[in-house]
Each structure stands twice: as structure tokens, then as C-alpha cells.
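After this come two complexes, each holding subunit A, first together with subunit B and then together with subunit C.
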Partner chain A sequence: MLAYIIRRILLSIPVLIGVSLITFFLTQVGGDPVRIMMGQHADKDVIAQIRHELHLDEPLWKQYLYFLHDFFTGKLRSFKTKRPVWDHLKERFPYTLSLAILSIIIATIIGVSAGIISAVKRGSWFDNLAMLASMIGISTPVYLIGLVFILLFIKKLGWIHGVGVWDAWLEVDLGSIVVQIWFPLCILLPAITLGAQPAAFIARITRSSMLEVVKQDYIRTARAKGVPEREVVLKHALRNALIPVITVLGLEFAYLLGGAVLTETVYAWPGLGTMAVQAFRDRDIPMIQGTVLFIAFTFVFMNLIVDVLYSWIDPRIRYD
Partner chain B sequence: MAVEQRTPWADAVRRFKKNKMAIVGLIMVCFLVFVALFADVLANNKPIVLVTENGLFFPAVLDVPVYIKYNGEVYWPIFSDKFIELVKREKKVAYDDVMQIASYYGGKVKFKLMPPIPYSYDEVNLDEVRQFCSKKHWLGTDEKGRDILARIIHGSRVSLEVGVISQLIALAIGVVLGLVAGYFGGWIDNLIMRITDIVFAFPFLLFVMAITSVVRPGIDVVFIAMGLVGWPSYARLVRAQVLSVKEMEYVQAAVVLGASTPRVLFVHILPNVTAPIIVQATLGMAGAILAEAGLSFLGLGAQPPTPSWGLMIHSAQVDIDPYWWMSIFPGLAIAFAVLAFNMFGDGLRDALDPKM
Partner chain C sequence: MRKVLLLLVGLVLLMPLLTGCIRIRQSDEIQEAKWIKLYGDLRERMGRLEEKVARLEEAVESGAVVVRKGENKSSAASLFKKPKVKYGGVLRIVQPTDPPTLDPAHVTDSTSSFVCMQIYEGLVELGPDLKVRPAIAERWEIKENGTTYVFHLRRGVKFHTGREVTAKDFLYSYLRILDPKTKSERTWLFENVLGYDVFKAYRKLYIALKDWINTSKETAPAGVKEALAEFSKISDDELKRIGDDVFNFTKEVLPEVVKAVNQNDFGKAKVCFEKIDSWFDLKKIMAKGFEVPDDYTFIIRLKQPFAPFLAVLTMVNAAVVDKDTIEKYGEDWSNEHPVGTGPFKLKEWKHDVRIVLEANKDYWRGRPYVDEVLIRIIKDEVTSFTEFEVGNVDIHPGVPDSKYKYVKKHPVLSKCYQEKPSLSVFYIGFNCKKYPLNIKKLRQALAYAVDKEKIVEKVREGRAVVARGIIPPGLPGANPDVQNYPYNPDLAKKLLAEAGFPGGVGLPVIDLWYNTSERNARIAEVVQYYFKKIGVKVRLNNVDWGTYLKKLDSGECQMFRLGWIADYPDAENFLYILFHSKNAGANGNHTFYSNSEVDKILDEARREVDFNKRVKLYQKAEKMIMDDAPWIPMFHNKDIILYQPYVKGVELTPMGADHIRLRSVWLDK
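Here is the complex of A and B:
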């Protein structure tokens, strides 16, 4: 097991190097970053000074090493805010993390239960409806769901008082007393919106995985022994059916951690996604580099964890 | 007596026909293609057919008259440039203005057939901004008074173009690299597969965003960026298929008979991996359409006045209350297109690969 983990970590090193190389060279494609930032009519001396500060007068391979060094030591600074990119990342990551966790919980509950019921009642109206709904869920752009929610719950019904992040204290009027409960209501709509697509996906995977498992001999054995159907489904079948579901869950979670760019933008959620979009709009090269590198590294790291978890859950699988 | 043919493709068609969801998907895809192909005739402020005393015009689709009487002579501008040359010389105008002049000389209108939606996608009308659905504008108008339905109809072109071109680029790169990796193995295989790992390490949308924002936002950059980022899934797919096919006897036989490597790859191996590629390309279309709309929604994809569905929502979302139709209708169009390709692709997969 340990050997596998070590091997897996070693395998991801070239990927990480490649990722950093692509991130670095990508920002070279657009031409001189200082020109991009300052426009065509900037002062020559200022440009020369900035070029020197950013090591742009050095050869490319040195620039790349400087970039890595600056990134990991926190010296990489945003063109726009002049603050280290790391500070921004640290500020934004908790928002993305909490949103990702809540949406994956919502997606798992809805997806797994819908998938099980669909598989057990294969061909029923529920199955057809759930599969149609999941198809629509996968195909609908998140910002359409987001805009409909905003229109309905914020603008028309007024249940939720706005987008973005706001005071987490909720006042509940119990007649004689008013109780204040800590609940970040503002995360609810973004989390449901973001969870819709993974939910649809998980429902499909759970269903097909369950259908695969119930064909197995040990399920027939369990039934033949007279195990109650409920127990067959929930204990014998589900446990095995969940193995591929967990992989998908892990990957979806890794994906959500990368900043749900579109959902965050619709809800003005101050996570990594909106940070990335802002950096792209400003053409703030160090911010783009830092954000993209951070997100890609997170993604690679999460994939590593998923792989290790997978081989731990299902010892039959070893990638060698 | 005729014997029923049972080729694998015929079997696939049979399975596909039984799948209701797939058939609905196919119909939706055909509808989209139809709308995209005939967008100019479905929604246009120029008439489809215009017959005047002096000529015959198809203004919606043709820049020049079919025939026209000019100074007592009859010209056939679609067959010869004589008339265009004449007008250019006499009036000293550019080619684009010839049509205007031609219609000016057209004389009294005898017959005129307008498109069902008599608005073009870029026709600004500041007297009719942000109007709700009416008999005049079926899906309302946007912040510049442009007809939303006309924009949605022309937007189908943008979406399909993005889908087809980006998938073709991805397909071309992915198939070649996948074939090479799978067939030769060794360090080439290792290298190519590590590159796919690296590209997969970036979230798709983020990677494309990074490219378009650094190069220049615009629909053409989106095509290419999505192709460049999208190839690894094809490469992996093709490689896996090649690995399972290349040890088969018929391939070995071709090699022994002296077929060249490219011939073995493209003539003997590639046809056997087409089924999964078709499925991947169909589902990839759905992904590409969704991604383009997302990018344009962020303002980092198509630029005005391109009638991209995502861009329409981008400029309309600030007006969501109370002018919701300006963003919801284009959103539904995106969902429809993506749903169409997902349903069709899913059906294809079930039909072509009964094991899955």
C-alpha cells in the first residue's frame, strides 16, 4: 500500500512540472506582459523598471525558475493590487472550499438516493423521470439555474436577501422570543446550483453501477438465503455499487475545488473562480499564473487522494 | 429469398431505433442543424424573394440580383460580373454598395416574401428596447431593441460552428497522437500519455479561459483553444482501442504482408476504433457548446455583435429583474442544444457499444 502511494506521488511529479511549464509559457503567448498591462503608450523607463522587477530581461528558463521561486515563497505579486498572490488565494480558498463541500453533500444525497431508487425500480415512471431529469441537469448551464433561482428566490419571493456573502445570523421569530441562529443562508442557493450537475452525474453512475452489481452471483446468493430485499439492496448491493461512485465523487469534488467559475460569477461569490475571472479580465499576468497553477495543483493533489482512496476501498485494484 | 443482413452497424441502427431518448435527441439535433443552415432565411430583415419590375432578387441569401434591367439592358449578375463592373465604374462604389444600387434601380415591387421573423440579429431599434413577448417580437427584444428570437436563431450557427470546429481540431490531434502512442508504445507512448495527464490537470473551462484571455477574446480563438485543450480525451480513447486491436491477427497479417506503418494505422486500425470516436465527438459537441456559452457568458469568449447565446446572457443578466426574458430565453436555447447532443450521444453509445 505504502509502496503504491509513493509510486503514485512520484508519478505526479512530472505532471506538476508540466503543469507549471504550461502555466508559465501560456502567459508568454500573448506577448509582453508589461505591454499588455500598461497599454501601448506607457513610459519607457517605467516599462524598463517593471521588466527588471519581473525578471523579464532574463532568458526564458531563468524567468521560469524565478516564477516558481516567487510563487512558492509568496513573492509573486498581483499587478493590480500589488499584494502577494498567495494572500489572495488564502483569502478566497475558504469560500470555494465551503461551497464545494456543501454542494458535494447535496449532490451525493440527491444523486445516490435517486440512483438507487432508479436502479431498484428499473423502467418505472420514477426511473424514467429521474433519468430524464439527470439528462436535463447535465445539459443545463449552471448560470441559467442560477439566474432562475436569483429571479425566483431573491427578486420575486424575497426569501433570500441577495447574492454575494453576507451576515450569517438568521433571525427566527418564535412569537414570544426571537432566536438568532448562525446559518450562512447566502451559501444555500450557490450550493444547490453548483450541486445540480454533480447530482445528475452521480445519479446516473449510481444507477448503472447498481444495475451492474445486482446481476452478480453474491446478490442471487443473498436473495436465495432469504435475506430481506431491503437489506440486499442497501447492504449487499449498495456497498459494492458505491465504489465507482466514490471515484466520481472525488473527481467532482476536485473539480469543484478548482473554483466553480460560472456559479461563483452568477452569485458574486468571492471564491477562486471569481478571482480567476477577475485576473483574466484585468490581464493581470501574475494573478493568472498563480491562480491557474494553484487550481491545477489542487486538482492533481485531489486526484492523487482519490486514486489512493480507491485502491484502499477496493483492494482488488492496483495499478501496476 | 432475401436474407436479413446483420452487420454490426445494422445492429447498432436497430438498437438506436428502439431508444426513445436517442430518437428524440436525433430529432433535436436535426432541428438545430436545420435552424443553423437556414438562419438567413428564417430570421432576416431582408426579403427572401423580391420581384420588381426590373429584376429578381434573393436579398436574404444573395448579395447580387439574379437578373436586372439596367439602362435598358438585361444583366445576369449571378452568372457574370458585367453588371457589377458597370455599376462600380459608373458610380465609383465598392462591391458592397452594388446591392443597394441594384435594388434602387429595381423599380416597383411586384412580389415580396419576407422571412417568418423579419428581423436580422444585429438590427438595432432604440424605440423598442426591452420589450416583452408580443406578436411583433415573439421572444421580446433586448437592450438595443434587437429581436431576441432572431438572435437565438443566428446564435445556433455560432454554437454549432464552435462545436464542430473545436471537435474537429481535437479529433485530428487526438486521433493521430492516440494511434501513434498505442501502436508504437515505449517512450513515445509514455511521453504522449504524460502530456495528456498534464492537460487533464487543468479544469477545461479555466484552461480555455486562460488561452482566450491571454491571446485575445474572440470566437475564433475559442475554436482553436478548445481544440487544443480537448484532444487528450480522444488520444486516450484511440490509444486504448489501438492496444486492444493491434495484436489481432488481421493487423499482424497486414504487417507481415508488407503494409506500410501509416497504412496499417489508418486503413487497418482506425476503422475499428471509429465507433467510440463518434460517440466521444457527439458528447464532445455538447461539452464544447456548453463551454463556449460559459466563456461568452463571462465576457471572455465571443465579442459583440456576435449573436452568441452566452454573450446574450452576459449583456442581459444585469437586467434580470424585471427583463428576465432577455437572459432566460438564450439560456433555454443553450440547454436545448446541449441536451440534444447529450441525448443523441448517449443513444449512440448504447447502440454502438452494447457492453456499456
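Here is the complex of A and C:
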């Protein structure tokens, strides 16, 4: 197993180099970052000077080496904000991570349970309703869900104070000490919004996968030997039906870790997605490079975790 | 399996502690913090009370108030009455992006400019009437035909660190902008200051020679010749004004460089390079440009008269910065320690979430009214508008297009907003150098063909005013009589025929470019429709902003849309930058318009010191440019600012919502 993990990590290095090379050369197409910074009234000499300071007037392969050097020494700085790219990532990633975790938890709970019930009670009104809901969930744009939620929960009902990030500490007084709990109500709406599509997706996958498994001989055997139905479904059937669900979950999670541009925009949530989009707009090459490499890394890492999880859920899968 | 599950559950439970979601604190600590706050509040109230008592005593002493038993109670009481303005409170405001920087040398966008305007100050500032008024400079004199500016600094103006501002700080701040190491985008602020073009030429020469030496080529690289050409533009007179030292050195070293280039003498070039390397220094060359005779006098000398210079100095880039802070914190100083002299100082900056500014209690004009300013970053306009409606935001710059009519009709909101045409212009530009748009009659025909009123009414939904000329109406000296091309399709057709394309026959398809955005696309489509009506076929092309700029600079676009927003309120900022042939391309004249007579007038106006004479010159130039029709000026956008009913003292100027001074805002809550 360990050998497998090490091999996978080593294999991911060329992937990351490839990603960085491709993005590096893609960012060369189009406008000049210095020109964009300068606005419409720009002195050519000053542009040339700044380009010189930023090494942009040197051959591409040299620029790429500069990039690698700066990246590994932590000196990579955004052209636009002049701050280290790593600082930007450090600020943004916790927001993206917490949002991704919460929305994937919500999606899993809703999706898996709806999927199981639908499969067990196939053809019932619940099944029909759940599948209709999942169809709506998959096809509704995130942006729309977000706006409707804001109008409903913030403006009309007033259950939630507002969008954006706000510190909310719940104080519990216990005599000599006071416990302050971070009560992040502000993450709830974005997480549900972001979780809606994966939830619908997972519900459908779980349902079809369960239907497949329920037909198997070992389920009939389990029922024949008198195992309670509850146990048959949750232990024998579900565990075997989980493989495709885990695959989807892993991919969805890795995808969410790359940032969720629309949700972040609607809820003023400072995640990686909006940052990457802005960096592309500004042709902020170091920022694009850093962000893309970072996202690629999390993607590769998540895929590795999913593969390891397979063997845990289904011991028949072994990698050595 | 169980163990793993248990471990996972344990981890999940521990997570909040590890990530700081749960804090355990001693009650005492919290109590103490509360007491300290209470104490602070009490002290402040005491202070205000003392102030009032002092005022009363003064009034009694001067005889304005006589306090006897039961007499004149009301006038005595009036002294104790709350002043009309209230202090305290947190002002919450929205901005669409995190400011890219809080370093004045790098500010080019409106959000950074807005935040910096609260933190920093310069020698002078713009009043609501767009006139230049004193800030840190108490007064100034303009001497020697408008080439020398002597600023007398106010005493006792302090940085947030407590150190007093002197003329040396201005010298440092301005040299810092010009220093290539700063990589400032705004060096053009001081392009007219004596010595800067000499420095630039030397710097160019230095880089080119270095390149020659590093690559050790046989022949000199093209850069050396370009740099020498720069030197040829500089007169001996100017060199002498900068200083004998500069004059002598230049006269000595330049012929050597020329010799080295002509003879392709690598060795000589190296000697020259070493000479320049050891001699050349920004401070030395700018010594006459920026001079500090004493701590409270700062002299700026220009290479030639440049009338809008005071207006240029009102830009936030020309603010004074603290040398000690910058040297202490290095390149990242402005992230956590943006130290200026302004009414607010930075308390917290949580990137992309919020910026908290606190009142500078030692501000030289007296502390600002509000205690704190909370600037929230919300990108989506619809979302931030909802936040405003719910009451989570006090000031909201701008209104989403879809909400504009709603706000105007709303019983409360319609009373809490200000709207002004900004100092900007949106136009369709023609490339005057490229066939077929180099034909003046064709350009005029196109200008007559577009119904600007309809576009403002239908596409911009009344959120702009139709352009009458190039210069926006709010600008001092704007010509009220200037005429834009009215909508007249018949005349357009006639002119089209006169240009040699009756009914559009023989005219190739023209490309209309715009940078990708829904608003631009809608306008471009309407313009295409109007041109088609007179028989001119137009193909629409859109690209992203970066590519767009590149295409505009190279003159690739035949027809394009652009907007221009004033950096400072002066006609020069429009006409000189956008139409002088010297500025063709990246410098701002993207139509490559060139009219030697207009150039002459614009040059003259720049040197003219008398305001009324300048206005006349600019009006004359504008009329000539309009006649040549390198543009179809379309409209001037309106700037809007919304605020809650209890927010007082907001003043929107034509400079736009990012020029609002929060020091005059107070909360009536």
C-alpha cells in the first residue's frame, strides 16, 4: 500500500510540471499584464522599464525558470497586488475548504439517504418525488439558487443576517471560564447552494447502484438466512453500492476545492474561484500559475485519497 | 472499522479546537476587556463634557452669557445642547473588490483610490466644486511664468505614527514614485518636472549599454540609439537649469557613447557604462526639480509651464508616505501599515472580506465624526444591493441596472441617493490612419447616423447624459455651446455619397471592436443597426480587456468603443491625452488622430497660466476636433450613491463615488 502511495505521488510530479508548463504558455497569449496595470494612459518607456524589472522582456524559457525559482523559494508575487501568491492562497483556501467540506457533507447526507430510500421503495411516491427533485437540482443554475435563497432567507424571512463572512461567536458562560464557539451561520446558505447539485447527482448514483446490488445473489442469501431487512440494506447492500458513490464524491470534492466561482460571487465568499478568474482577467501570470498549480495539486491529492478509500471499502481491490 | 470510525469522530470533534472555532477564555479576561472599553468611553465623555464647561466659562467671561438665578437659562443651556453633528458609530460601506494595493505609488483603480483617500493626503486636494484647495500645504505661490511652485507646509501635521510631516517627506514620496525600483504605474504625474526626462534618458541608455556589455555583441543594440535620440530632444538650456554638474557630465559622456556606437567599439562602451553607472542617480538629477530649502517649504520646478499641475497633485498617488514605515516593513509595508496623515488609519484588513478603518483622533483638522469605517467587499452588485436593503450597509456606491427605476420610484430610497454625471465620456472611436475611416466625410456621415439620445434612453436606461462634445458638462470650463452630431440619417446618407460611397456601395465591411461585456455588446449591436440603416456594413468583434488594449495600442482596430474617466478635473486630461498626436497609441490617443493645428493649440493651452485663456483655447480645440470627427462621443455616465436615511454629510462630486471623503460623514442614529 505504502509503495503504491509513494508511486502515485511520484507519478503526480510530471502531471504538475505539465500543468504548470501548459498554463505558463497559455498565459502568454493575449494582453500584456503590465499594459493592463497601467490603464489607458501608459508611457511606453515606463512599460518597458517595469517589464524589465519583472523579467518579462527575457526569453520564455528563462521566465519559466524564474517562475520555478520564485515558486519554490516562496518569492512568487502577484503582479497586481505585489503580495506573495502564497499569502493569497493561504487567505483564500480555508474559505474554499470549509465551504467544500460542509457542502459535500450536506450533499452526502441528503444524496445517499434519498438514494437508498428511493431504491428500496422503488416506484413509490417518494421515489418519484426524490428523482424529480434531483432532476431540478441538477438542472438549476447555482447562481439562480443563490439569488432565490438570498431573497428568501435574508430579505423576506430574515433568518440569516446577511451574506459575506462575519465572525459570529456564541458565548457560553460557565462560571470561571467562558467558552466562545464559532457559530458560522454565514456559511450555511452557500454550502446548501453549492451542495444542491452534488446532492442530486449522488442521489441518482446511489439509487441506481443500490438497485444493481439488491439483485445480487448474496443479498438474497442474506435475506434467506433471516438477516433483518435494515441490516441487509445498510450493511450488505449499501457497502457494495458505495464504490461509484465514492468516485463521484471524490471528484465532486476535488472539483469544489478548485473554488466555486458563481456561489462565491453571489454570497461574497472569498474563495479560490473568484481569485483565479480575476487573475486570468488581469493576466496576472504568477497568480494564475500559483493558483492553477495549487488547485492541480489538491486534485491529484484527492484522487489519491479516493483510490485509497476504494481498497478500504472493498477489500477485493488491492493495489500492490 | 470501529476504531477508524472512533478516530474519525474524535478528529471531527477536535477540529474546531484545532482550527480555532472554539475559544476558551477566563471570564476575568473578558470582563477586563469590557471594563477597559467602558473606561475609554467614559473618559471620552468626560473629555467632551470638559470641553463644554470650558466653552461655557469662556462665554461667561466674555459676557456673551450671563448666568444669574433663573435668567438666560436657555442661552446657557444652548451651549450644553448637543451639537448638530453627532460623533461616534461605525459606518458600513461596500466596495466591489479588495483594493489591490494601499500603496499610493501603485494605485490605479477606484477601490484602492477610495480607501487611500481616507488614509493619505497630499499637498493639495479637490474641493466639491472641483477647485484645488489646501491640504498639507497651507498656501503656495506659482512663480517664474508658471514653472516654479513653492509650497508652504502646515506645521503640526502628523503621520499616524506621530511624527511630524516635513518637506523632506514629500521629497522622499515623490522620488519614490519616480524610482524605477518602485515600479510605479504613475510616473507620468511628474513627467513635467525638471530633470525627469533626463533621468529617463540616462536610465534607458544605462539599460541598453548593460545589455550590450552582457551580450558582448559586435554592434550596439538598437536600444542605445533610441536612448541617444531621447537625449537629442533635451535642450542645453534645460540641462543647465538642472545643474552644471549634469550639463558637464552629459556633454562629456554623450559624445563618447556616440563614438562607441559609430565605431562599434565595445571597449569604449564599457568605459562609458562604468562612468554612467557610478555617476547617475535619481536624487542628483532631480535636485532642482524637487527642492527642500527648509522643513516647511517644498519647491517643485517644471521644465516648462504646465497649468494643470496643481490638479495633478490632488491625485491620491501624490500623497505623502512615511519613510520610516516603508524602510521598517519593506516591500509589503502597505499591507499592514499604510501610514499616512489622513483622517482614518487602518485597523484591520482581512483580505477580500473587510477593511476596518478607525478614526485618527489626532487628525489636524479635528477627528472625523465616525469612530470606525467598515468597508465590506462584495463583488456582486445585486447581492450588495440586497445587503443595503436589509440594512447591513450604510453607504452603497452605485445601483444595479435592474434596480435603477425601482430606486427612483421608491418612497424612501429615492430621497437617499445622489446622482451626478461623472467626468467621463463613452465614445466610438475611428482609426483615422486606416482606410476607409481616414476619410473625414465618411466619419462625419457615421457620426450623423447614430441616434445617441435613443441609446441613452433605451440601452443605458437614462443612467447617462447624452454627450454634447468631448468634455463632460461638469468639468470647469466645459463649453455649453459645443454641438455633437445630431441624429440625421438623411444628411448621413448624403455625406456618405460625397465620401465616394453612395448607399454604402464600394465600402468594405468595417470591424467594430469592443471588450467583452454585456453592456458594450448591446451598444455595439445598436450602433451596427444604425450604420446598416445608411448602408454601412459593420462586423462586430469582441475580445477580453488585455487583448483589446494590445490591439488598440497597435492601431489594429478600425472602429472601437472606449471610455475615459478623468484623472484630475482639467480639460487637458481629455484633449491633450486623447487627441495630441504625441500621445498616439498606448499613451491614450487610440484613434491616431493627428492635426498639427490642434497639436499647436493643445501645446499652447498646456503652457497658458491664465484660466480663462486656457478655457478658450480648449474650447477652440474641441470644436476643431469635433469637426474632424475622430470620435462619436456617445454619453457621460451618471455616478450614483445610495445611503441610509440616517447617514449625513455625504457629498458626491463629479469625480465619482470613489472620491467621497468619509471624514465629513456622520450618523444620525
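Note that in this section the second predicted complex is superposed on the first by the 286 of 320 C-alpha atoms of A that agree within 3 Å, B and C clash if a C-alpha of one lies under 4 Å from a C-alpha of the other, contacts with A are read in each partner's own complex, and residues count from 1 in each chain.
One rule holds for everything that comes next: contacts are C-beta pairs under 8 Å (C-beta built on N, C-alpha and C of every residue); 3 or more make two chains touch, one makes a residue touch a chain.
Just so you know, these numbers come straight off a predicted model, no measurement behind them.
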Exercise for review: Using the superposition on chain A described above, determine whether A:L151 touches subunit B (first), subunit C (second), both, or neither.
Suggested key: both
**Study point:** Which of subunit B and subunit C A:I295 touches, first, second, both or neither
**Key:** first
**Study point:** Which partner reaches more residues of subunit A (counting touched residues only), subunit B or subunit C
**Key:** C
Review point. Which of the two partners, first being subunit B and second being subunit C, lies in contact with A:R83: first, second, both, or neither?
Key: second
Review point. Touching A:Y267, do we find subunit B (first), subunit C (second), both, or neither?
Key: second
Review point. Which holds for A:S139: it touches subunit B only (first), subunit C only (second), both, or neither?
Key: first
Exercise for review: Name the contact category of A:R281: first (subunit B only), second (subunit C only), both, or neither.
Suggested key: both
Check your understanding: Both subunit B and subunit C contact which residues of subunit A?
Key -> 30, 147, 150-151, 155, 265-266, 281, 283
Check your understanding: Touching subunit A in the complex: which residues of subunit C?
Key -> 16, 20-27, 30, 97-98, 100-101, 103, 106, 108, 180-181, 183, 185, 187-188, 191, 200, 203-204, 207, 331-332, 335, 350-354, 376-380, 382-384, 386-387, 389-390, 392, 544-550, 553, 562, 564, 567, 577, 583, 585-588, 590
Check your understanding: For the complex, which residues does subunit A have touching subunit C?
Key -> 30-33, 35-47, 49-50, 52-54, 80-83, 88, 91-92, 147, 150-151, 154-155, 158, 161-165, 169, 173, 175-182, 184, 265-268, 270, 274-275, 278, 281-283
Exercise for review: Could you please specify the touching residues of subunit B with respect to subunit A in the complex?
Suggested key: 21, 194-195, 197-199, 201-203, 205-207, 209-211, 213-216, 286, 290, 293-294, 297-300, 310, 313, 317, 320-321, 324, 327-328, 331-332, 334-335, 338-339, 342-343, 346
Check your understanding: Okay, in this complex, where on subunit A does subunit B touch?
Key -> 14-15, 18-19, 22-23, 26-27, 29-30, 131-132, 135-136, 138-141, 143-144, 147-148, 150-151, 155-156, 255, 258-259, 261-262, 265-266, 276-277, 280-281, 283, 288, 292, 295-296, 299-300, 303
